[in-house]
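In what follows, a single structure is set out as structure tokens and then discussed.
When the chains are written out, they are named A, B and C in that same order, and each has its own residue count from 1.
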Amino acid sequence: MSGTPAIEAARVSATLGTTEVLHGIDLVLSSARWTSIVGPNGAGKSTLLKALAGLLAHRGEVRLFGEAEGKIPARIRAQRLSWLGQSGTGEASADDLMVYDVAMLGRLPHQRWLAAPSAADRDAVERALRSTQAWDWRDRPLGQLSGGERQRVLLARALAVEAQVLLMDEPLANLDPPHQADWMQTARALVAGGRTVVSVLHELPMALAADEMVVMDKGRVVHHGGCDDPATHTALEQVFDHRIRVHRVADQWIALPK
Amino acid sequence: MKLRRISSLLAAAIGLSLCALAAHAFDVVDERGTTVSLPQPPQRIVSLLPSLTESVCALGACERLVGVDNYSNSPAAVRALPQMGGGIDPNVEAIVALRPDAVLLAKSSRVTQRLEALGLKVLVLEPKSHADVQRVLGKLDQVLGTHEAPRVWRVIDASVSAAAQSVPASARGKRVYFEVNSTPYAAGESSFIGETLTRLGMKNIVPAKLGPFPKLNPEYVVRANPDLIMVSVRSAQGLEQRPGWGGIRAVREGRICRFDALQSDVLVRPGPRMDEAARLMAQCLVDKGQ
Amino acid sequence: MHSAHLRRVVLLGAALLVLGVALLLFGLGIGSTGFESLLAARHDPVALQIVWDIRLPRTLGAWLAGALLGLAGAVAQGLFRNPLADPYLLGSASGASLGVAVALMLFGGSAASTQWVMRLGLTGAAFIGAVLAVLLTLTLARGVQQTLRLLLAGVIVGVVLGAAKDLITIASADILQAIQGFILGSTGLVGWSACAVMGAVCAVCLLAAWALAPVLDGLALGEATARSLGLPFGAMRAALVVVLALATGAAVAQTGLIAFVGLAAPHLVRSAVKTTHARLIVLAALMGGLLLMAADLLARWLIAPQELPVGVLTAVLGGSYLLWLMHRRSSRGGLS
């Protein structure tokens, strides 16, 4: 498993409306690693993530564990790859669903048609809700939760899929620092268990805590390297117009505005 | 002697039984083209169209009516009958509860299929023109077994002719505009009302090629400049104030006949009261036409 | 405990079912000839016919039509993710009216057209009109992919077909009353065959909607998320539109355009229990049936032997309950 890269992108280009948003991206993401994607606003990070998840029409090829993504049946792909979108994109209608039901939606790829949730499904949902500390509110409707609490439920939904690859777009939105730290621990545990995590992050200290970092600017990949690599730090500072500086503090990399 | 008596009795008996047979099961074809077989002339009739109610009564079978619609108001006797609803919502349950032998209704009625599904005999008849009135009278005659239609029609026809005679020579040939409602919808030459006007010797500003009840551009009426306007009281509100209408001959000379609700009913319904309608119009011509 | 929530759902469903049966039996005694018909039914064949052939199928028909409308309303609100959606959004109401108008106009026309209309019936014409209107909407919107385009196409089709119906009504003025009767809605023309048709369509649509409900839940989280869950998104959505068209068409064909049931029933269910779409659709069907049946009984009873238009009563009943809910919600401070 560690031989085949989890996701490979070759010459991936995408257009939104009339604007070309991704320009021929070539990317290889190894499995059992945590990769963070960073870049200024409008760099195309979310678009790239969607293209990698197979949710966006694109030119070029994306391979999932060596297989062409377009050829994998949607259900199988959904079992192997879990995607969490940016929160606040059209979920107002989920307000009436119970937290438990929302998390259970993550098990859809594994459930047979018309089948009731199995014991395995229920266990997976419980694990996911507990890992984001949302288990206690499983009987509350989503609409009654605060922004951060909602985000944790949506995270649990993505975790409940128990897929090999997790693609998460700004998973820390609205989360307070303790829960951001929880998320990081979850990501690390998943990677330790052999899964692949790819996350688009605005929080640079969190992004620098990953294994690898992809730096994007204006629809292109500017740099892809280890988070400890000084070349990565230089690329990061450069892409933000040298308005930030990467420092080592208390065994962690952080980025501070100059 | 005895033989002749026996044979004449036998002949009478055969004759009577033949008559009895004739009084039983017969088929009628209504305006849908459907053949309705009636075991005998219906004795309990529900009518859901005012003109059919009037036709039944004109043929002398008024006492056989057990229910009518909300709009049937003539003759006065039918006002005491139970009402089955208006055109919009005939009450199926009420109709069935009256156990009618036959239900008479118009083409556009929605309950036809439902009533037939419940086992009632339904006859669709709808008179729309002068010829229709005679035809429907004849058909009802056949259904009711009354043999009155030819006589009734002769009387109606003669009355209409008499009304036509009473129209003064100076009023004849004048051009009339008959307004049905204030949209304006007019009664054209080919409508029932138009036919009556023609028989009275009048001209209609709406020719037959525009259809029986065309929705006119008010400008048309102004250009046509009728000599006489016939209108119902409700629709006549503000007629003289309509833009440009002050110049119409009929308006200038005050030749507008306004008919009240009851009179409008008579004028508009194609039925056996068409002679009354003709008389109403003739009276209007006498009053305002010369 | 999650099972407590499930118990609430089941309780609500059972309550709606029991109330429905109770009203059905109650409806046997209501009509223009009053309760006496029920008492006389044993020895009077006409009274028996009234109770068995007229009142029972009418009341049952109201239940089924309400169930179809409630089901369609829940599907519409899930599909468009809009709590103001109702079953008539895709033009089916205008299509059905146009179908009836055309049928009435052709009825007196020629012998051939009269035969056709008689065979098809006004209900057949209304059903075909409703389904064709939805197909037209789908064609205009070029598929179900974009919700906003679908909504817009539905509005356009509704307006255009409505105008066509108006033109026909102007041309043949004597069908105006019949059309108005259809638009106001009534269960007065529902017999056993109509009940059978509605029952069959209801069963099929409920099963299909139950199977397709996961896509509505997924849609609640956003279209991209729903697709990422591997559902055959486009196909399921198209299937749901078909369910919507069939259910609405069947209800409208038999009882005319009854407003508000499709809109109110899902809301009434959600005010009592919040659940996934599969259960919501079933409960909305039960609630819709109950709502329409209650309105129909009141319509027949309030001014007996005359009848009120049932659409007026559904608006009053459903509307006042929703108003009360809104008031309770706002007095509690924004959250239900």
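Note that in this section a contact is a pair of C-beta atoms (placed from the backbone, for glycine too) under 8 Å apart; a residue touches a chain by one contact, two chains touch by 3 or more.
Note that the structure is a prediction, hence the values are computed from the model and not measured.
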item: Contact distance in steps, from chain A to chain B; value: 2
item: Maximum centroid distance from chain B, chain identifier (CA atoms); value: A
item: Chain A-chain B separation of Cα centroids, rounded to whole Å; value: 80
item: Rounded Å distance, chain B centre to chain C centre (Cα mean); value: 39
item: Euclidean distance of C-alpha centroids - chain A vs chain C, Å; value: 43
item: Residue ranges of chain C in contact with chain B within the complex; value: 31-33, 37, 46-47, 49-50, 53-55, 104, 107-108, 111, 114-115, 118, 121-122, 170, 173-175, 177-178, 180-182, 184, 186, 188-189, 191, 193, 305-307, 309
item: List of chain A residues in touch with chain C within their complex; value: 50, 53, 55, 74-79, 81-85, 89-94, 96-98, 100-102, 105-106, 108-109, 113-114, 138-139, 141, 143-144, 154, 157, 161
item: Residues of chain B defined as touching chain C within the complex; value: 31-34, 85-94, 96-97, 99, 106-111, 113-114, 117-119, 126, 185, 213, 215
item: Residues of chain C defined as touching chain A within the complex; value: 1-2, 4-5, 78, 81-83, 210-211, 214, 217-225, 227-232, 270, 274-276, 335
